[in-house]
Amino acid sequence: MAETKKLSKSTLNKCFWTWEWTYQACYNYENMQGGCFLDAMAPAIRELYADDPDEFKAAAARHFEFYNIENTTGGGVLGLVLAMEEQRASGEDVTEEAIRSIKTGLMGPLSGVGDSYMQGVIYPIILAIGCAQGVQGNTAVPIIVILLQAIIQIGIARFMFNLGYNKGSDALLDLLESGTFKNLLSGAGILGCMVLGALIMNFVSVHTGITIPMGEGAEPFSLQTGLFDTLLPGFLSLAATLMCYALVSKGWSSTKVLLLLVVIGIVGSVTGILA
Amino acid sequence: MSLFQAFLCGLLYFLAQSNVTMVSYGTIYRPLVNGFLVGCILGDPVKGVQIGATINMMFIGFISAGGSLPSDIPMAGILGTALAISAGLEIDAALALAVPLGLLGAFTWVGRLTVDSFFNPLTERLIEKNDGLKGLWLPTVVIPQIFLFCITCIPVTIAAYFGSQVVGDFLGSVAFLIPIMSVIGGLMPALGIGITLKFIFQGETRVFLFLGFLLAAYTELDMIGIGLISLITAIIYIQLTSKIEGAE
Amino acid sequence: MSLFQAFLCGLLYFLAQSNVTMVSYGTIYRPLVNGFLVGCILGDPVKGVQIGATINMMFIGFISAGGSLPSDIPMAGILGTALAISAGLEIDAALALAVPLGLLGAFTWVGRLTVDSFFNPLTERLIEKNDGLKGLWLPTVVIPQIFLFCITCIPVTIAAYFGSQVVGDFLGSVAFLIPIMSVIGGLMPALGIGITLKFIFQGETRVFLFLGFLLAAYTELDMIGIGLISLITAIIYIQLTSKIEGAE
Amino acid sequence: MAETKKLSKSTLNKCFWTWEWTYQACYNYENMQGGCFLDAMAPAIRELYADDPDEFKAAAARHFEFYNIENTTGGGVLGLVLAMEEQRASGEDVTEEAIRSIKTGLMGPLSGVGDSYMQGVIYPIILAIGCAQGVQGNTAVPIIVILLQAIIQIGIARFMFNLGYNKGSDALLDLLESGTFKNLLSGAGILGCMVLGALIMNFVSVHTGITIPMGEGAEPFSLQTGLFDTLLPGFLSLAATLMCYALVSKGWSSTKVLLLLVVIGIVGSVTGILA
Amino acid sequence: MSLFQAFLCGLLYFLAQSNVTMVSYGTIYRPLVNGFLVGCILGDPVKGVQIGATINMMFIGFISAGGSLPSDIPMAGILGTALAISAGLEIDAALALAVPLGLLGAFTWVGRLTVDSFFNPLTERLIEKNDGLKGLWLPTVVIPQIFLFCITCIPVTIAAYFGSQVVGDFLGSVAFLIPIMSVIGGLMPALGIGITLKFIFQGETRVFLFLGFLLAAYTELDMIGIGLISLITAIIYIQLTSKIEGAE
Amino acid sequence: MAETKKLSKSTLNKCFWTWEWTYQACYNYENMQGGCFLDAMAPAIRELYADDPDEFKAAAARHFEFYNIENTTGGGVLGLVLAMEEQRASGEDVTEEAIRSIKTGLMGPLSGVGDSYMQGVIYPIILAIGCAQGVQGNTAVPIIVILLQAIIQIGIARFMFNLGYNKGSDALLDLLESGTFKNLLSGAGILGCMVLGALIMNFVSVHTGITIPMGEGAEPFSLQTGLFDTLLPGFLSLAATLMCYALVSKGWSSTKVLLLLVVIGIVGSVTGILA
C-alpha cells in the first residue's frame, strides 16, 4: 500500500492563485478553460506524481480536457479535484473516471448558480449603485467598486476552494441543497429582482414622441407627458424590458435581441415614435 | 492626446480583455472603472468617471454565461471615454459614440476564442513529452496573451490616437445620428436586465421586480437606498418563508 | 344654456338612471363621467371633468346592494356640473350646490321601483297567452323606460334650463350655506367608505386600512402609486398566507 | 326518451347580451329583476320549448319570479340556468324545483361576493384614481374609466356565464370555495382596504375650528393645526369614517347615517366646531 | 433667578428623584417634562420644553433595571435647563452644560440606596412591637423622603441660585470644552439605545432595527410617522408568524 | 375551620394605591423595596389578622423582606399575594413558604418583561416622539406625555393587580406563556427595534472630521460628506450604537461604556477625528 500523500499548504495556495490569475488566459473554443485548468493543477501534479511518470502524464492529460466554469464557484471544484488527486496518489480507490465525472458533473450546476447570482445579482447591484454615484463624478466610487468586487469574488472563491478540498463533493452538493443556501439564493433573487426593477426605472429610458393633434391652436396631446408620465412613469421602460425578457426566455440569442433593439431604435427614432 | 496616452488606453483595453485575474471581468472590464482609469490617463478623472458611469448604465445586466458575449463593453467604455474627453464632447455625444463601439460586438472575444485553440497542440506536445510540464505557461498564458495584446492594444491605440483628431468633425457630419444613438442607448439596458431576469425572475420573487420598479418610480430613494431596502425586504420575506418551511 | 343643451343634460340623466347596459352603473352613473359629458355638451370638457371629479369624491364608496341607494349620485353630478358651468361658479360653490342635489335622495330610484311593479301584470298576461312571448320587450323594457324618461329627463331638462338663470342669484342670497355644504361634502365620503368597509374590513385585512391611510398621510404618493403599492402588498401577503395554508 | 337539445351559439349570445343590456330595465319592488331575467331567458325558451306549449308556458312563468343579483356574477347563474333548461328540455331529470332553488340559492352568495368586490373594491379604486387625476382636468381620464369598467365588467360577466353554462353549479360553488379564489378575494380585500385607507386621507375632509385662547395678545392655540396636524394628519377624517363604519355595521341604514352627517355638518359648521 | 425660583427647581429635582408615585419615573424624571416645568418656573415654558427635549435625547433608552442607573438624568434636565434659561444660553451651550451634569452620575441614587438601609431597623422594631404597625409610614416614607429632600433639594437650589450667576462666565472661560461636550452628547444616545437593544434585539426582530434606521435615513417621516409605520409593520409580521404557528 | 375572609374593596384599593404612591420611597440596598411592599400590604394585614397577633406579626415580617420588582407588572404580584393572604387567613392550606416563593419566583420574570417592554419599548417611543415634537417648542407635548404615561402605567398595573388577585399565580404565568402575550411581546420587539433604529438615525450624532488632502489648491476630500453622507447617512451613528450594544451584551456595565464614550468623545474631539 502506498504512503499517504498530503499536498503542502504552499502548493495548495499556488494552485488557488494560479486559478485566480490565469483561469481564462487561453480561453478557446476547443476546450474552453482546459489549458488553464491544467495550469492551475500543475503544481499539485508535480508534487503528487513526481515519482510516477505514467501517472504524471495521465494526470496532466485528464486535466487538459474540455472545462468551463464560473470563476468563483469554480474554486470549489478545484479544491475538490485536488483532494481527489491526493487520495488517488495515496493509493486510494479513486478512478480517473470518478475525477472526470466530478469535473463535468459539477461544472453545470455550479456555473448556473454562479452566473445567476454573481453576474446576475451581485455585479449589477454593485455596478448600478456605482454608476448612479459615479455620474456625479465621485472618483472614490470606482476604487470602492474594485475593492468590493475583489473582496467578494476572491472571498467566495476561497471559501468554495476550502470547502471542496476539506469536505469533498458531498459538501459541495449538500451546500447547493441545504436550506440555508436555498434561503440565501431566494433572498438574493428577491434582492436582485427589486434592484433590477429599480434599474428599469432609473437606467432604461424609452419615451414616445407620439402626439395627438387637438385641433387648431390647441397644444397637441403628448402621449408621453399626458398619458404615461401621469399614469405610470417608466411604463415604456418596463414594457421594453419585459419584452427583452420574454424574447430571451423564448430562446432568442442576446445578439438577436440586440439587433432588434437597434432596428427598433432606428425606426422609432426616425419616425418619431420614440424620442 | 499623446501617442503614449493612446497606448495606455490600448493597454487598458488589453488588460480588460485579458481575463488575467478573475477579478478583472468585474472591474476594469466595466466602463465605470475603465472610464475612470482613462480619465486618469488623460488627466481628468472626474469627467472619466462621469462618462464611464453613463456608458456603463447601457450595459447593466449584460451577462456572459458559457462563453457568450453580446457586445464589446470595454471597447465602449475605453474608446468612448477617451474620444469623448479628448474631443471635449458632452456626455450625450459621448454616449452616442459609445453605442456603436459597444455594438461592434464581440469581435475581439470571438477572435481570441478561435485563435487560442491553435495553441492547444503545443500544450499537448508538452504533456506527451512528460517532462514535468516544464514551460507550460508559454502555451497557456504567454503566447495567447501576446496574441491578445496584438489584436487589442494595437488597434485601440491607433483608434484612440487618430480618432481623437477626427471624432469631432465626424460627429459633426453625422449629427443626425446622435438622437438615434441616444434612443438605442436608452433601450440597451432593457436587454441586459432582460437577460439577467431570465435567471432570477421566477415564482414568488416576480412581484419584487415590480416593487423595486415602483420604489424607484414613486420615491426619491437613490440606488443605495433601494439596494438596502431591498436587502431588508429580502431578509424579512425569507425569514417568513423559512419559518413556514420549518413549520411544515 | 340653450334649451337643447338642457335637454341633452336631461337625456344624460335618463341614461345614467336607465340601467340599460350593466356597464352604465359604473360609468355614466358617476359624476366623474357624466360631469365630463355635461362639459362636452356645454363646450367645456376640461371644467366638466374637474367639477365632476370633485363631486364624485363625495360619493366614493357609495354602494347599492339589494336595490337600496342612499342618494342621487347622477343628479348631483349632472345638474351640479351643468349649473356650475353655466353660472360660472367656482369649484367650491359647485360642490355646495351638488351636496343638496345628492341629498335629494333616491327619489327617482324609489319612484321607478314602485311604478315598475305596475307593468308586471302585462308580462303575466303575455305568459298566460302563451304565444311565444311575442312583444315581451314592451312591458319589460320599452314601457318602463318611457316612464323613466318622463320622470328623469323632463324635470332635469327644466331644472337645467331655468336653474342656470337663477342659481347665481340664489347662491348669492344663501351664501351663508356654502361653508355648511362644504363641511357636509367633506363628511360624505366617510359614509361611502364606511359602507364599503362593512364588506371588506375584517380579520387580518384590517391593518391594511391603516397602512393605506399612513401611506397617504406621510408620503407624496398619488392615488395611482398607492393603488399599485397596495396591489404589490396584497400579492406579497397572499403569497405568504397561501404558502402557510399549503404548509398546513 | 327525448332527443338531446343543445342551444345554438347565437341563442346563447342573444341571452347573454340581452341580460347585459336590459338586466334592470324594469327594476321593481315586486319581483326586482324578474321581468328582465325572463327577457334574457326568452330566446332560449323559444328555442328549447317551441314544440311543447305547456313546458313553454311553465318555463316562462318560472323565470318571471322574484330575482335580484349583482350584474357581473349574475352572468354565472344565467349560464347555469340555460344549461339546466337544456337538460330539462332534453328529457333529463331536472325538476322545476331544482332550477328554482339554484336561482334563489346562488342569488345571495354571488351577489354578496359581487357587490363587495366589484362595487366595494374595483369601482372605488378605478373611480378614486380617476377622480384624483380628473380634478386636474385631464379629459382622457373619464374615457379610460369607461373603457376599463366595460372591459372588466363584461369580461367577468362573460367568464362567469361560460363557467356556469359549461361546468354547472358545482363549478360555480367550487369556484367560490377554491383556494385560488379565496386568495383572490383576500388579496382584493387587502388591496381594497389599503386604497380605502388612502381615500380616507385624501377624500374625507374633516377639520375642527376649535381654538383655545392663550391669553391677551397671544395667538390662540388651534386644535387642528397645533394638535391634529402635528400629531396625526387626517385623524378626524379617520375617526369620522370609522364612526360611519361602526354605525353601518351596527345596522343603521345608510340613509340614517347620511342624515346624521348632515346634522353633524350643520351643527358643527354653525358652532364652529367643524370648519 | 430669584431664590424662590431656585428653590422650586430644587423641589422639582427632589420630586423627580423621590419615586413617590410610580408614574414619576416616566414623567418628571425626564428632561422633556422637567425642562418644561423649569421653563414654567422661570417664565419661559417654550424654551424650557425645547431645551428639555434636546437634553432628553441624550438619555433616550437609558434604562434602570434591578436598581442600577448610569447617570443623573433629572439633574441634567433640571439644572441644565435652569442654568441655560437664566444665563440665556443657546441650545448648543445648554447641551454642553447638561452633559457633565448627567455624567455626575448617580450620586444621589447611590446615596439614598445606601442611607435608606439605616431606616430599616426602625421598621423592624415596629414589627417586633406588633402594635398594628402604627406609624409604619414614618420609617418607610417620611424619614427617607426627608433625607432625600436634604440631599436633593438643597444642593440643587444652591447650584441653581449661584450657578446662574457664574455659568455664563464659566462657560466663557472653558469655551474650548463646548465642542467636546457636544461630541459626547451626540454619542450618549448610542449607549441608551445599546442598553435597550440588549433586551429586544434578538432573532427575527433584528432586521427591523435596520428597517427603522433606513426609514429614518431615506424618508422624510417624522418620529410619529415612523412609530405608526412600525406599529403596522409589527402587526402584519405578527399576523403572519402567528398564522404560521397556528398552521404547525 | 376558620371563617372565610374576604378583603373589602376599599382595602384592596388602599393597598393598590399605596403601592402606586410609595413603591420605592425607601429604596435601599438591604432589602430594596422591602419596606415599601410591607407598606402596601399593611392595610390588608391589619384587616385579615386583626384578631390573631401571632399571624399579624408573622405576616408583617414576611413582607418586610428583600423585594424588587418592576412597578407595573409588580401590580400583579401584589394582587396575587393579597389573594394568598386572604386564603391563609381563612384557614386554607397556604404556607408562609408558598407566599415567599411566589414573591421571589415571580420577581425575576415579571421584572424582566416589564423592564424590557415598559422602559425598553414604551418609554422610548413616547419620549422619542415627545422629544422630536418638543424641540419645536410645543408646550402641549410634555403634558400629553405625562397623561399618556400615567394612563398606560396605572392601567397596566391595575390590570395586572386584578388579574393576580382574581385569577391567581397560574393566570400570571399562563399570561406570560400564552400565544397572545408572546405575540404581543414579539410585536413590541419589532416595534421597539424599528423605532430604536430610527432613533439611531435621528438622535445619535457621530460625525468624523477626517479629511484627505487632495493636493495644492484642491479642496480636501471629507470622509464625512464625501463618503458617509453619500453612501449611507448615519453610518457612524449606527456603528457607535452597535458597538455600545456589543459591549453591554458582553457584560460591560453601562457606567463603563459611558466612560468609554467620554474618552472617545474627548480624544476624538481633540484630534479632530470626531467633529
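We call the chains A, B, C, D, E and F, going by the order they appear; numbering starts again at 1 in every chain.
As a convention for this text, contacts are C-beta pairs under 8 Å (C-beta built on N, C-alpha and C of every residue); 3 or more make two chains touch, one makes a residue touch a chain.
Given the structure is predicted, the values throughout are model-derived calculations rather than measurements.
Q: Shortest hop count from subunit A to subunit E along touching chains?
A: When the steps are counted carefully, the minimum from subunit A to subunit E is 2.
Q: Which chains are shared contacts of subunit D and subunit F?
A: Where subunit D and subunit F share a partner, that partner set is A, E.
Q: Consider the two chain pairs C-D and A-C; indicate the one with the greater count of contacting C-beta pairs.
A: Of A-C and C-D, it is C-D that has more C-beta pairs in contact.
Q: So what's the Cα centroid distance for subunit C and subunit E, whole Å?
A: One centre to the other, that is 57 Å.
Q: Where the CA atoms of subunit E average out and where those of subunit F average out, how many Å apart are those spots?
A: 13
Q: If you average the CA atoms of subunit A and of subunit F, how many Å lie between those two points?
A: 52
Q: Taking each residue of subunit C in turn, which ones touch at least two of the other chains?
A: Correct list: 204, 210-211, 214, 217, 219, 221, 224, 228-229, 235, 237, 240-241, 244-245, 247.
Q: What parts of subunit A, by residue number, touch at least two of the other chains?
A: As it turns out, subunit A has residues touching two or more other chains at 133, 138, 231-232.
Q: Mind listing the subunit F positions that touch subunit D in their complex?
A: That would be residues 133, 138, 140 of subunit F.
Q: Sort out for me which residues of subunit C touch subunit D in the complex.
A: Going through subunit C, the ones touching subunit D are 18-23, 25-28, 30, 32-33, 35-37, 45-47, 49-50, 52-54, 56-57, 60-68, 70-71, 103, 105, 112-117, 119-120, 123-124, 127-128, 130, 132-133, 136-137, 139-141, 143-145, 179-180, 182-184, 186-202, 204-206, 208-217, 221-224, 226-227, 229-231, 233-235, 237-238, 241-242, 245.
Q: Could you please specify the touching residues of subunit A with respect to subunit D in the complex?
A: So the residues of subunit A in touch with subunit D come to 221, 226-227, 230-231.
Q: Applying the document's contact rule, which stretches of subunit A touch subunit C when the two form their complex?
A: Listed in rising order, the residues are 231-232.
Q: Which bits of subunit C are touching subunit E when the two form their complex?
A: Interface residues on the subunit C side: 204, 207, 210-211, 214, 217-219, 237, 240-241, 244-245, 247-248.
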